[in-house]
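The same chain A turns up in both complexes below, where it pairs with chain B and then with chain C.
After this line comes the complex of A and B, so read on.
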């Protein structure tokens, strides 16, 4: 299975929204790559993350756990996470495991960006 | 596909993932971290930890944690047991013991981490022994844990437990191997000390050859190393050198210390010592083979004119050939009551004359090479020069030594000789 490049968009400044592409199989290796990218973006001040699952066919248990870890870390840092382009199969799994309760869900990346842009421009505490 | 079927498939896949992680991850902590991920991901749990149960110290050692980093210390000592059995003492317990251990651990974990949101504690039991626990926080769905969730946690826990148990066994094997190694080193040290004591006892009997056995050991070691023998073989030949004259312990002191050339009868008595040495050394379980044979055959000669059996070249063990030359070399280069030691020129001439006759040519060649290297300062420490005395090997004698080496190298009997 192929992996997408690690930096699909130029790095964002503080307050901006970052997009991370999940790749076709979210397992330990690709999950750690997603986690690394998300942490790097948040360390640079990003307060909103979109994880795009457009190519994702399968998410295994380690992948789910890593995504939960990313959501926890984002919460801890006061950032928000959106999932976009999630296939029906993966969406069902995320629903059953409770991930969809913790993130913004959007059909398309643009929709997710629009929702999160709104959030990222609102100063914390408002 | 129904939701329950989807969850069952996800759980099956998680079990497969877990098996793969446990079997293929060599780093223990990484394996436990991955196993924890699998458990959390299988049920959609946000926080969790895996701890090893240390029965000996009655403590939990946290190996991996997700989301509890601040709440969980690395070690967690349990409240001392009261009126409970410590098991059968060999680490393997009955299921009852495991359940008793688990009940205490679960109770204390709930007490200690109630505020941290630990909802479920799953025991990791292998062969009736509690090896650890998994702490699980709330589900991401916000729902309570169902009986099925607990069953799944236990099923996954069995695999994690096996991973912990195997690691514990490996640690134990490594610890015992280390202990055995230390014991072996200590025994070897005692053996070497005993050998040295024996060597000193042998040399004490002969007031004119003080230190002879030790020097023969050293020369033998140097020759063997020059011949490319392995470390343990070199160690063995040194021991052989130290003990080669042990048979002299049964020879009359008057004969050994005679300040004149001994007669035929006395010589015959003295010549008993190789066979006597063999008889002394044979019953001892030496860490190296052939040591008794080195004593028995160190007066044999390649030309068949040696004793006690008159063996010829191929029949003489390699170690005995080395000890034989080392013995003669020391005899030639030390003063005796009835003669002064030979000059180095004379020794080189003797080697030339007797290579292939009294001494095995490859052994002579190795000793000559080692001497030349030391004389030129190419090897450190200069052990032979120290034993022979600083000025014994003079610069002017080196061309003769070099010529001898060249002649022996081009001769017919220079095949490499192995232990």
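After this line comes the complex of A and C, so read on.
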């Protein structure tokens, strides 16, 4: 299992979009790292999150449960979540477990950012 | 010419020294006591029932006999068959002289012979002839005079006579309780203690621990026994009992597998006697112990007509001599065992037995001594030992209820088989408990980072961090929590029995202690700690429920100053952690507990595969399932599965491994994977020992449990099996005695 890459620095300010990169195997430990990263970003004011699965080969059900927790937390805070670069197999798994109904899906990170950009600049409540 | 003792030859011992397991420490202590360098002192050996105390003493005898050079080892067991004190005293004198002469001549064969006193005189070494002759003559004179007291005094004084002439002996008295109740003027137990204290040589007095304790507090001369070392012999440790089963099976040629071995140890409560009986029975019948069914068949036979049944029956005969009293006793024992608390008032016992106060007192005292029941002045409680209660049940049905034997056999066998998985499950749960009592006992006024007992803080600062990172953070923490010193920790159920209905005994602990160095009322505190069962983070409702229960315990027990500590393996949900923080309740997850334990301690499916079958054994560690996934990927590629199918197989296998690791509570912590290529299909089996994985998990979560666990998880878990069924073509659970075996098949053509 490779280490989780660092989240790019530009996404720091309130109202901005953060990108978090998942590792090659999303299990309990790496899921918790994603969760931790996402919570930190949201605490700093991010209102939109992109989780990029470009390196992900395998996801297990514990990893999925943690991702669901992240989605719940984002929803509670009024933030949106997008998944990008999801492999076909992982996508089917997400579909099977009902995740795809809860997030924005994008083929590429840029597409996800573009979709969420508009949301993040809209003041809460609008 | 006597034959010299071969190095490992057995003299009195019934098993070879290398097969005598689990008593190394006690054997060393006893042989040291009987060695040439030992200072003069005695030892009282308190033995638990069926703990193998006699074999320990016989092994000690053999070891000292082989060592030579030191005092002569003498082993003597009192027996009720002696009937009279004079007979017992005479047998002691003969045993003593036989073993002394045998040792001095280095003639082990003489030990098991029964020479007359005159023959012993002929065999005595020249330097011993004079004192042996005088002893024999004095004995014959005392016997002729009919002076019982003088005779007993003379016989028990033999070691002193021998020592005075340079023949020092180390006498080991076994079954001291059997010295009671012998007919005669002299109370033999006190006489033995009195005499031994005057020998000027080391000695051992061994007996059932409860009786020995009673004797010490009653009839034995305390002054004579003051300052003696006390050694306690408990049941074998489980690892030793497993080694005993394996060793016996190998020696007796009985086929055995690990699962059945473990059940034997659990069900027979690690008793060396019962284990020997079952293994002997297996050998005699040419049976194996390779399945639960085989074992239970032997067990039921042993209960109904084998050594086990005879042993219990013989104790009952000893306790209740007449058939009528024995039937009455069987009835009350059976009824009190069937009672929810196992306890029945003493008056009810007396009435049901139809015995007067004296007879009743004798019966319960003997039952108490054999630890078949406990007498607590106002009530009697049948001991909750599985083999004993099984014996009571079959004996009651056969002898009191007069049910057909075939029906009793069949019912007992069926019940034993049904109970086996529960027995193992209880064992696994006990083994997997986090051991809160031990953690509490280690507190000892130490100061630890507050995050270790405050889950909300832990989650904020350390959740998701590697162990080393968390360790570094904890070391830097400045907010330290002072812990009390725990002076007594025991299961919550032993204070408040109703709690046993709600959780395993070892998962809820009450610890009494002091918060400051001075032992005064102001510093007294009681910690109530519970390991909450929850597969995921424990939710608020569950935390509230347990707080309520602990408050009830505190109130019922009258604890004034209490501190609650909730521990959940996966920690607590945000809401639960918030609640616990608000209520000033300590809370920890497994990782915190691991750090805390380290800090407190000061430590900063095998089988022969064919060419188309592959097998790997994985440890239940983080990410081990990836190794299985990569292995199966290579095999599936070779079979030319499509990439999509390969991904499905990998994911299903990962889920199966996770299920095994999460549900089994396996103590060996291994997952066995087998991959078999069968024409156009790949068959994968994933097995593990331990608890069975629930076959019928609810679609959206963990199975409901008695705690309502899973609350707060919002149905996010428990998808493993559903996923596996979706990803693979055929999925089924195979029946195994212990644990779970999941078989998954993927076809090439689909």
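Methods note: the second predicted complex is superposed on the first by the 120 of 126 C-alpha atoms of A that agree within 3 Å, B and C clash if a C-alpha of one lies under 4 Å from a C-alpha of the other, contacts with A are read in each partner's own complex, and residues count from 1 in each chain.
Here is the rule we use: a residue touches a chain if its C-beta (ideal position, glycine included) is under 8 Å from a C-beta of that chain, and two chains touch if they have at least 3 such contacts.
All values reported here derive from a predicted model rather than from experimental measurement.
J.: Overlaying the two complexes on chain A, which is it for chain B and chain C: clash or fit?
T.: Clash.
J.: Regarding the shared-chain residue A:64, is it in contact with chain B (first), chain C (second), both, or neither?
T.: After superposition on chain A, A:64 lies in contact with both partners, chain B and chain C.
J.: Based on the superposed arrangement, let me know which partner A:88 touches: chain B (first), chain C (second), both, or neither?
T.: second
J.: Please work out whether A:36 is in contact with chain B alone, chain C alone, both, or neither, and reply first, second, both or neither.
T.: Only chain C; A:36 stays clear of chain B.
J.: On the A-aligned overlay, A:99 touches which partner chain: chain B = first, chain C = second, or both, or neither?
T.: first
J.: Could you tell me if A:72 is touching chain B, chain C, both of them or neither one (first, second, both, neither)?
T.: It touches chain B and chain C both.
J.: If the shared chain A is used to align the two complexes, which stretch of chain C, 25-33, 97-105, 187-195 or 601-609, clashes with chain B?
T.: Among 25-33, 97-105, 187-195 or 601-609, only one stretch of chain C overlaps chain B, namely 187-195.
J.: Can you pull the chain A residues that chain B and chain C both touch?
T.: In chain A, residues 27-28, 60-62, 64-65, 68-69, 72, 93, 96-97 are touched by chain B and also by chain C.
J.: Once bound in the complex, which stretches of chain B touch chain A?
T.: For chain B paired with chain A, touching residues are 3, 6-7, 10, 13-14, 17-18, 21, 34, 36-47, 66-67, 139-143.
J.: In the complex, go through chain A and note every residue touching chain B.
T.: Within the complex, chain A touches chain B at residues 27-28, 60-66, 68-69, 71-72, 92-93, 96-99, 101-102.
J.: Using the touch definition from the top, list the residues of chain C that touch chain A in their complex.
T.: Those residues of chain C that touch chain A are 463-464, 536, 622-623, 625-626, 629, 644, 647-648, 650-651, 654-655, 658, 713-714, 716-717, 719-720, 723, 726.
J.: Which bits of chain A are touching chain C when the two form their complex?
T.: That would be residues 1, 25, 27-29, 32-33, 35-36, 58-62, 64-65, 68-69, 72, 88-89, 93, 96-97 of chain A.
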